[in-house]
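In the two assemblies presented below, chain A is common to both, partnered first by chain B and then by chain C.
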Partner chain A sequence: MILINSLDFGYSKHKVFENLNLTFDEGKIYGLLGLNGAGKSTLLYLMGGLLFADNGKVEFNGFDMRERNPRALADLFFVPEEFELPDVKFETYIKLHAPFYPNFSRETLDRCLSGFGMDTSCRLNRLSMGQKKKAFMCFALAANTGLLIMDEPTNGLDIPSKSQFRQVVSSCMTDERTIIISTHQVRDVENLIDHITIINDKQIVFNRSVADITDRLVFTDARFGQRPEGAIYAQPSSVGEQVVMPRGGEQETPLNIELLFNAVLAEREKVATIFA
Partner chain B sequence: MDFKESKPIYLQIVDRICNEIVTGKYPENERIPSVREYAAIVEVNANTVVRSYDFLQSGDVIFNRRGIGYFVSEGAIEKITAMRRESFMNEQLAEFFDEIDMLRIPIETIVELYKKRNKQ
Partner chain C sequence: MNDFFNLKRFLLVLRRELCLSTKPLIIGTALIVGLLVLNFAGLCKVFDVNYIGVNKRGTIDGLMVFLGLLTFVATIAVWVSSAQISHNLARKTNFLAFSTLPASTFERYLARVVVFGILPLVVWFALYFGVHLSDAVVDYTEMNDRYQGGFIALCACVILFSTVFAFWGAAFRRHGFIIGFCVAAFSIFALFRWILPNVSLMFLDPIGRFVQHDYFSYGRLRLVLAVALLIIGAINIGAGYFFYRRKQMIVKSVKRQ
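What follows is the complex of A and B.
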């Protein structure tokens, strides 16, 4: 479990977070959303012990991440949006890095890689950007850490790989793991995540499970000029409008993350009252 | 798996599993994939598949053998047909009636067309 307690953080004078409180539980896949510059990556870096809070604390399994305790780091894997891999063979990389992760599974690694049509015979630096990302993500999943953080994991993946990404993440998930995915490509993860956390203006502005969201809100299409009464938020679409409404007695609808995100940013108070 | 916009994902997965049972991919009394396996197949969160399996279990289409997994019930195909008949009567047929009312098509015309079709 990760506990973020009264966190303040800023880059020199520019405040990114003020008194931020947040918890991440086991057994869930979190989608972390926010506008460009909202602080998604900063929050992930703070959780990974790569940045230090000005005030407050980030705790992972009882360890203060500021201490970078090896026992905490052995149970955590972070896949940044952009990264460099050393100029070695993939096999060498595995030999050097797998020992840091006590639950590392070679079987998982081979299974994930073969899903992407890859194996470990390559040299890491000769791979394209997308291939590198796949290789590193497979290694990350195989590390079997309690916490897996991925920043924009589907960026740069080709079309079939996005579907493969969902398959491998879904198959590697367990009740003991926490996976946090920060992304703008919401369609890529729409049915994969359990929980949505939205950061805006130095704060957490929305933090709910998908079950809770689809229980209380419906995402539906309305024809031109026929916006239903009680709509919280509407945006134009090809047939008229896409609308977010309180569910009431209506049939449940699938979650539309893009619409939810826009609704939360535009009508935060109205959305909050639905969940009050 | 490609999902439609309007129907809850877990019910779309229910439909998919029902089709697989009806077409014989998962025969009666045989094991179906675990929740995690099925979640990976359709690329969704495992909790969504848990809901689908709960739904199918409450309809006696599948049953759970503790520690072993989920199995297709005896007579599952008939149960699926009954379930679908009920949802057709409650949903599609109601929409159909609304539509013919709006277009002012008498039900007799529909009955005639139906009889003609069955003679061919």
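What follows is the complex of A and C.
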């Protein structure tokens, strides 16, 4: 479990977080959303021990991440948005890095690589960006760490690979594992994540499970001039408007993350009232 | 399992660093030596072989010029390598990959000190002592006291300033090598003063005269030099670890921390 208590953090004069409190539990896949510059990557770096909070604490399984304890790091894997892989064969990379992760599973690695249509015979620096990402993510999933952090994991993946990504990640999910995905490509992870956290203006402005969201909100389309009464938020679409409204007796509708995100930022008070 | 230092974990980190980092070092070394070998004949003409240094027969030949230059270049290479202990971690991608490795900060730092600091020094000493097997250069045991003192000063400067580069590289990241180089630059002129006794280096002459002074012939001074070297080197390496521990993905001032 990740526990963030009274977190303050800033770069020089620019404050990013003020008195942030947040918890990430086991057995869930979290989607971390926010505008450009909101601090998504910064929060991930703080959780990974790559940045130190000005005040407050970031704890993972009881370890203060500022200490970069090796036992904590052995149960954590970070897949950044940008990374470089060394000029070695993938098999060599596995031999060098797998021993650091006590729960590393070769079987899981082979299964994930098979899901992406890859194998370990390749030389890492000769892969395309998308292929490198797939290889690195397969290693990350095979490490079987309690916490897996991914920053924009679907960037650079081709269309079939995005679907493969969802399948591979779902197949590796367990009740003891926490996966945190920070992304702007919400449609790539729409059917994958089961908890949504939105950062804005130095704070967490929304933090709910998908089940809770779809239980209280409906996402529907309406023609121009026919916006339902009680709609919290509406945005133009090809057929008229996409609308978010409180769920009364209506049937549950699939979650539209993009619409939810815009609604939260535009009508924060109204959304908060529904979830109060 | 000890969180500060575990031998098994350290060896895993060391193996990783050796596998991933030594290739550029080996290629760089091969390039330097290769360039000098290819330009051997030309270098002999540029440096008048009757003008520089002496060998035990009292004469100079091109091989000694070549070996002297090789030693000089190797010395610079050792210092550049020491600065790499922290330098290439200034890149975000390298820093992330290395800092999320499940090992303690001390184990990671020590592995880099071994690969980028100690290993090049071992190669340097092997090279420098190895060339003394050749008849072309002065055998240490046949040097007079002043030359022995100068030789010790040379070795001391190589080791000491490699730790200086390690420290400044950790403290100042991108600018660490430049700052360390400025600190070490005067020592290079001092070494030249010893190798080229007849060449005046103007305001740097006092440094050169210090290196050549007769008190380097006293055994006790050499002992003091050795102890000072160990203490100052240990302080530099320790201070480098202090800065290394506080490194973050984005550079923040030490005062704020």
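Here is the rule we use: the second predicted complex is superposed on the first by the 276 of 276 C-alpha atoms of A that agree within 3 Å, B and C clash if a C-alpha of one lies under 4 Å from a C-alpha of the other, contacts with A are read in each partner's own complex, and residues count from 1 in each chain.
Methods note: contacts are C-beta pairs under 8 Å (C-beta built on N, C-alpha and C of every residue); 3 or more make two chains touch, one makes a residue touch a chain.
Only a predicted model underlies this, so the values are computations on that prediction, with no experimental measurement involved.
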Residues of chain A touched by chain B versus by chain C: which partner has the larger set?
C
Thinking of the overlay built on chain A, is A:Asn191 touched by chain B (first), by chain C (second), by both, or by neither?
first
Go through the superposed model and pick first if A:Gly39 touches only chain B, second if only chain C, both, or neither.
neither
Would you sort A:Gly146 into first (chain B), second (chain C), both or neither based on which partner it touches?
neither
Between chain B (first) and chain C (second), which, if any, makes contact with A:Gly31: first, second, both or neither?
neither
Is A:Ser170 in contact with chain B, with chain C, with both, or with neither (first, second, both, neither)?
first
Using the touch rule from the top, collect the residues of chain B that touch chain A in their complex.
3, 5-9, 36-37, 39-41, 43-48
Where on chain A does chain C make contact in their complex?
11, 45, 48-52, 54, 68-71, 73-74, 76-78, 80, 82-84, 86-88, 92, 96-97, 99-101
Going by the contact rule set out above, which residues of chain C touch chain A in the complex?
1, 3, 6, 9, 12, 15-16, 19-20, 23, 92-97, 99-105, 107, 246, 248-250, 252, 256-257
Which residues of chain A touch chain B in their complex?
29, 163, 166-168, 170-171, 173, 191-194, 210-211, 214, 220-221, 251-254, 256
